[in-house]
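After this come two complexes, each holding chain A, first together with chain B and then together with chain C.
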Partner chain A sequence: MALINPKTKEVQVKLVYYGPGRGGKTTNLEYIYNKYQDRMTTKLTTVKTYGDRTLFFDFLPLDIGMIGGYNIKMQLYTVPGQVKYQATRRLVLRGVDGVVFVADSMALREKMNVLSLKDLQENLATFDKNIFKIPLVIQYNKRDLAKEKIPLLPTEKLENILNKQLKAPSFAASALTGENVVETMKKAISLTVSSLQQKLAIKQG
Partner chain B sequence: MADKKGTFTDEVNNRLGEFFGDMDKPDAPTRDTKPSPKKDLELFDLKAIVLSIEWEISHEIMMRLIAETGRLMKIYRDNKVVLSLLKLLDSVGRYINAKKATALPDSIKLLHSIHTNLQRVVTSETITESQSSQILSAEIAKFKNLKQQLLTKAEPPPLKDNKPAATPKTAPIKMAAPVEQPQTSVPATEVSAVAPTDATINGPKDAVLQAIDELKKLIKEEFKSLREELKQLRQ
Partner chain C sequence: MDYTVELDEKQFETMENILAKELIEVGVQSLLLIDLAGNILISLNDGKARHDVYSLAALAAGNFGAVSEIAKIIGETDFSLLFHKGEKESIHFSRVADDLLLITVFGKEVSLGFLRLKVAEAIKKITALL
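So, the complex of A and B:
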């Protein structure tokens, strides 16, 4: 649950980018940071060591300003996608308010996308969170590889595999070129903040 | 923060629109040089293999990489820079094939770096000879850096009583430098990751035993690779 400080009228919202390894989660944050760094007061923190892979997590704080009389501070995180970093993924998901699932569009990653989504569902369940209820946006990344003639899964098929039941908003994107990167994030922030507002309204009223 | 649902969502979206402004249009993919489609196709299989390595380092994929670099070496035998880059790729590929998951992380980085620059040199129509040579020099420097890391990793830790450390007669991993360092001096690109240290090594004896063990494994794997290659050639 988000951290709310009624005295300072400040809300800290945690958005986690989840997905299989090498899917482009870090590239999403890097694109956002590079694009808007002049509007950010802090830097993107990336812990990349072993073979340039995310070992712990990436962290990007984003102060988006006043909404509904509250100063909204977004905290964007990524998790290490590789299967073996299960404990770290779970740790990063603690207190999550919204999720962006970054799926890899490459045909040979089909199975890994499914496994990662299941992994997300299981890890959310450990914190009593339901994947069907949490604000979730799905991004079908690496669409730019089609130009390179790399076999990609059609977005319709990806929708069918990953989003048939979830029915989450989804975007075909390319974290490398920036296509739909900001749209994905905006949608995720919008869903998450609106969901928090609803929860608070229910509690207050 | 309590508000009506519709108006609140509108307010959120408006705020996001204001914050991200008109800059949220995607950048066009930037390329410093214009690629040649025909040459791009020549490297297509290699690119697919390198992308596969990102995901899984299996013997099959590594053998495909070695076979593909071999094929390209024949095509580019008259282009010294491309041929040297391919030889570098082949050497690093063979090392990764031998060590698989225990390969130094920098070796994967280097493989990608060589591949990216190979593509740049081959497909670009505007790149000059001097630029190509500089790229090659930088890759060679990285390769040497990796070799140094391997040697450092293989060296036993110094003895506490200042006795000279016993060194194994044979180097644990051999990586043949495929090309001579060109005359152009290009600063070596620093490779950030540090070779992991083995906390289980207690003395020179252990280090020698470990080195011998590694060498045995390497020879076994090299033989296996050679057998596979011979098999493929016979077919």
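So, the complex of A and C:
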């Protein structure tokens, strides 16, 4: 849940990158950090295994400026995607305000995408949050692999499998090259903050 | 979007004063009052401590959450003490009401027993405001 501090005039908003293991959630945050680190005062925090798999979460705080007289601080998190870290994903989702679902475009990962999305829906429900109502953006990652002749699912098929009912904004992307990484983040921030503005207006009124 | 911890400016100020008096003034180097999602409500220090408080808050919330789950697995409701001892600085975690955590970083000059006493007093006063 967004934390509004009327004394410091600051709002902290939590955005979680979710998705199957090895899908590119951490790579998204690494790209964002590398791109903007000159403007940041804090670094990217990662808790990972020796094999470079996310163990607990990655964390990147971002100041995005003033809205409605409040300084908005986005807290970007990723979750560990491997199936065995179910309990950890639930922990990290606590207090979430917006989600970026990073889907793996590789054809052999089709089933894992579906399972991960279902997992997200169930974990959100444990906090009385509805996947159809929470600010959500879907990213179809790894589109760069097409150049290496690795079989990918067409984005139309991914839309049909993952987004037919949700109808969330979606982006074809490559976290490795940076294509649409920032655009995904900006859309997620925009959706998340727009619901905040109403609350801030009520507080100021 | 939910806003389950809502405090007004006066409450923030009163809580800050309590924490400064009960903890910073007795030698605690820095403290954070955070929610279980890792958001910072209050951050105070002795003027010398320089920690990355946002990362500390996120990790602390995750740590506390993980330890709470461990407690449930072994049949406990919660652990009464969560504390990590360092060579020069140590860190103590304490739950405040249902939704908040008080994290204190302190050096060798403050004993754990004394800190736990002062933390308990501070928490009692803060809880009365919530």
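Brief remarks follow.
Here is the rule we use: the second predicted complex is superposed on the first by the 197 of 205 C-alpha atoms of A that agree within 3 Å, B and C clash if a C-alpha of one lies under 4 Å from a C-alpha of the other, contacts with A are read in each partner's own complex, and residues count from 1 in each chain.
We take it that a contact is a pair of C-beta atoms (placed from the backbone, for glycine too) under 8 Å apart; a residue touches a chain by one contact, two chains touch by 3 or more.
Quick caveat, the model's predicted, so the values are computed rather than measured.
Applying the stated contact rule after C-alpha superposition, one finds that A:196 touches each of chain B and chain C. Within the superposed three-chain model, A:95 lies in touch with chain C and out of touch with chain B [touch as defined at top]. Within the superposed three-chain model, A:108 lies in touch with chain B and out of touch with chain C [touch as defined at top]. Of the two partner chains, chain B is the only one touched by A:174; chain C is not. When the shared chain is aligned, chain B comes close enough to touch A:36, but chain C does not.
Of the two partner chains, chain B is the only one that A:182 touches; chain C does not reach it.
Look at A:68: by the touch rule set out above, it reaches chain B but stays clear of chain C. When the two complexes are overlaid, the chain among chain B and chain C that reaches more residues of chain A is B. Shared interface residues of chain A (contacting chain B in one complex, chain C in the other): 4, 196. Residues 4, 11, 21-22, 35-36, 39, 49-52, 64-70, 72, 106, 108-109, 112, 144, 148-150, 174, 176-183, 186, 189-190, 193-194, 196-198, 200-201, 204-205 of chain A are the ones touching chain B in the complex. Of all residues in chain A, those touching chain C in their complex are 1-7, 12-14, 42-43, 45, 47, 56-57, 59, 61, 73, 75, 77, 87-88, 91-92, 94-97, 129, 135, 192, 195-196, 199. Taken in their complex, chain C has these residues touching chain A: 1-9, 12-13, 16, 35-41, 52, 54-55, 58-59, 61-62, 65-66, 69. Per the touch definition, chain B reaches chain A in the complex via residues 1-3, 5, 8-9, 11-13, 15-16, 18-20, 23-24, 26-29, 44, 47-48, 51-52, 54-55, 105-106, 108-109, 192-193.
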